[in-house]
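Here's the structure, in structure tokens; my notes come after.
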Amino acid sequence: MDFTLNDDQKMILDLVEEVCQKEIAPVADEVSEKGEFPAQNVKKLASLDLFGITIPKEYGGLGMDYLTWTLVSEKISKACATTGLIFGANLLCTYPLLKFGTEEQKRKFLPRLAKGEALGAFALTEPEAGSDAGNVQTTAKKDEDCYILNGNKIFITNGEVADIYVVIANIDKNKGARGLTAFIVEKGQEGFTFGQHFKKMGLSALPNVELIFNNCRVPAENLLFKERRGFRVAMETFAAGRIGVGIGALGIAEAAFEKAKEYSRERIQFGKPICSFQAIQHILADMATKIEAARFLLYRAAWLLDQGRPFEKLASMGKLYASETAMEVTTKAVQVLGGYGYMKDYPVERYMREAKLFEIIEGTSEIQRGIIANLLLKE
Amino acid sequence: MHIIVCIKQVPDTEELSKVRINSRTNTLVREGIKSIINPFDENAIEEALRIKERHGGKVTVLSMGPPQAEEALRRALAMGADKAILLSDRSFAGSDTLATSYTLAMGIRKIGEFDLVLLGKQAIDGDTAQVGPGLAEWLNLPQITYVRRIELSSSKIKAERSLEDSFEIVETNLPALLTVTKEINTPRYPSLRGLLKAKKEKITVWTSKDLALDKERIGLDGSPTQVVKIFTPESPKRGKILTGEIPEIADKLISEMKKRKII
Amino acid sequence: MAEIKILAEKCTGCKKCISACPFSAITVEDKKARILSNCTFCGACVSACPFGAILLEREAREADLSSYRGVWIFAEQRNGEIMPITYELLEIGRKLADALGVELSALLFGNGLRKKAEVMLNYELDKIYLVEHPLLAYYRTGPYTRAMVDLIRQKRPEVILMGATSTGRDLAPRVATRLKTGLTADCTGLEIEKGTRNLIQTRPALGGNIMASIISPRHRPQMATVRPRVMKKARPSGNRRGEIIEVKLDFTQEDKMVEVVKFIKEEREIEDLQEAEIIVSGGRGLGKAENFSLIRKLARLLGGAVGASRAVVDAGWIPSYHQVGQTGKTVQPKLYIACGISGAIQHQVGMRNSEIIVAINKDPNAPIFDIATYGIVQDLHKFLPVLIEKLEDEKRR
């Protein structure tokens, strides 16, 4: 097993680290306090070509692997979880386009996404359908050279700010999951509007928005893959997306761990820095161990994906373990900082609120355990 | 428009100052200090790239230093410079600002035609701000130092030059040499595409043999100034730490200030 | 070409040279020191070696230095007013001239400055070379360089001091390069080496982390720019023994390569940091730009100016003219309050000469406490509001 990064990866990560430290991390508090979409950060990522990492050169990208994307995403998430999730949600649009799109669709949409001129999003969740993806109520009806979409999507990450959406609708409600079909819908399409902006416990600057389709006529050439194959599009996209969500959680855990470590060295109680007490040392040791374990689950999942080998089980394990680790590490970080940890003056209380989301999105922890068990027992 | 930007690779002094002086050995602990492009020179590169984007032309970056300085030049290429040249020779070592500006001037002579030479206002390791004016003198160019804004027409350049508590607007004909402050712009980061491209590019290296140099003017022998002693600044005495609850400390501080008749 | 050698028979591999080298240019392999290619021949290792195992050879060159005599200072004027740095140069210039046993002269360039020159005669100096010409009314690199170089070639002084100001740092390197002589920037200490008559010029380097003493033993004149607000100011002696010598010079069109179009005095929130008696400075510990309001409030309450560390200026929290330190301003107020500033050496360089330093930082190991008169190990977000409240009470009383 080779754990060394190649020269290109090292060079890229050095640059991303520099930009994250100088530009993104310093405004993370401000971003979350204001609760406004961090357009400046997104612009910066775009100017660095980061949105094009996994998109092949012929479509205007850099043609690099998902492992590199994962390493980059880890750095961004550590600096600012909101920006990390915006970056991650974008992949949920580029990934299915690359995997299932026709040549024309790729030529039409990918170059703008690669340059960061357009942002992507993926829309499945509805009031009645989340974990139960088959229960999507949004309908699609073929009408000459169009599909007519009707229905509402909720909680959609990058909603309204994104320009290109992969939307899952049902073409045959009686068939449940077997009726699901994926479409590419562009912002500005008639009959496609935005509703509620949902208010959240944390990550207030991350757009989670309601999408409204009211007799929205999507051109037939925007059908992604095939009719009635939307469930597969969704499941494969989610599997890859789990690496992204897992790495986002890992980034938060790393940030919380560093703050706790730093604080434990500075804080003097009973005449000594608190890091000299065994109780604190054990907490730090557990934090670091779990972070390292989560990291290698996720790196391995990304590596398997790049090899074209089955990666779904590892992706679920990585997402599950990283998000639960993030929750644990951030909670303990608040504990290490004590009263200060609970105060808004320090970022650890924010990390704790942010971490919770990662146990829920892209399949809850319960769903992940289900997937893992399912895949295990098939082996 | 051909713009030559002279850059210097420097240790990141911000990192350097994070590291303490070892009080036992009275030396600097400086392991793992990164090398960077002198920050003011990054502003000069950025300004050159902006001029090129507006008026067309090309940007050449030039540096004098050890072979490792290639790294700084490569970063400049990744930012968007067209060509990079390194003046590197064992005999250049020990150059003070006079010898450095002479060697750079000879490098620029070899490059040939140009319209503008840009540098940062000073390097953060030496902080002398002497190489820019020195270079202008060797090349017999008009100089404008501490520039925070420029306006360019085909044959003239108008610049805002920062003074201590004021500024002046000055004008000169091209070619000219300018040194810039950090107010002039915000340097861009290289893009990944730029990084990957720059990695493959060849950096021209000129040694003393390639330049028509007067050997008496280069390196240590061409440097009138000599460092005779290097020492760490003496550390003044540590005062007293005020302790107690916050209101108590505030009272102590205020009464000390009153005692010293400051308030 | 210069050469640096390790005498293998004397080297014991003790590594003292490694600690002494400011450029990480020495390694020890097989118990012998080896000089790396990034060596700058600074010589720090030579004096550090307890065994005399390092040899630095410079090419010796003879030069007639004895025909240069006298100390000059450049009297800086802007819009016809003598700048404060001039009086600092007069003080240190006098000391050096006395140590050398020579005359102290001032150069004054401008147009219609006779009266100002008369006033300057109240200070302890021997000559004022007054050059008046319409082209010299306002500082321009070309004509000033020309005037100074012409005078130096005629009169041959051994030492020339100028202010490390926007003018001095523009002019001095141009002049030094035309004369091909040595120049040291931004000096904070100057003295004469007995016997050699060399000017020992001390200045901070590497962001203020080290001090370097520099000489120009083979060249005259020895030129230096002097960091403002470090040297004491001269006082008028009333003992008028000096004379004004008017010098006529002609200029060519070529001397006037840069045209000054306009001079604009900036209207900033006053804050001449360097003149302020009290300075309240903020650093990264403030957490974010908005928290500078705390610093401003305290400064206003004390009638002081606002300062800042390089980190927060670089982060864009506050404009750079507030910056104190090696790449910012040097200040010497009666009271300097550092809030949330760790006190990197490059910051200390700019404020260590303040009369009283108060440091507020939650990290007890912050280097700022090494130089603080009063240290307060507290979170500034908690401490400052209390201090401000108490000071407001004081005021009301």
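Order of writing sets the labels: A, B and C. Residues in every chain begin at 1.
Basically, a contact is a pair of C-beta atoms (placed from the backbone, for glycine too) under 8 Å apart; a residue touches a chain by one contact, two chains touch by 3 or more.
Values in this document were obtained by computation on a predicted structure and should not be read as measured data.
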item: More contacts between chains, A-B or B-C; value: B-C
item: Chain whose average C-alpha position is farthest from subunit A's own; value: C
item: Distance between chain centroids, defined by C-alpha means - subunit A, subunit C (Å); value: 52
item: Rounded Å distance, subunit B centre to subunit C centre (Cα mean); value: 17
item: Rounded Å distance, subunit A centre to subunit B centre (Cα mean); value: 41
item: Contacts with 2+ other chains: residues of subunit A; value: none
item: Subunit A-facing residues of subunit B, complex; value: 188-193, 195-196, 199
item: Residue ranges of subunit C in contact with subunit B within the complex; value: 1-2, 19-20, 22, 24, 37-44, 47, 58-59, 61, 78, 141-142, 145, 165-167, 169-174, 176-178, 180-186, 200, 204-219, 257-266, 268, 272, 278, 302, 310-311, 320, 326-327, 334-335, 344-349, 352, 356-358, 367, 369-378, 382-383, 386-387, 390-391, 394
item: Footprint of subunit C on subunit B - complex, ascending; value: 11, 13-14, 16-18, 20-22, 25, 27-28, 30, 33, 66-68, 90-91, 93-94, 96-98, 101, 122, 124-134, 136-138, 142-146, 158, 161-173, 176, 182-183, 215, 217, 219-221, 223-233, 235-236, 238-243, 246-247, 249-251, 253-254, 256-257, 260, 262-263
item: Contacting residues of subunit A [partner subunit B, same complex]; value: 7-8, 11-12, 15, 18-19, 44, 47-50, 52-53, 62
item: Parts of subunit C lying in touch with subunit A, wherever the complex brings them together; value: 287-288, 315, 362-365, 379, 381
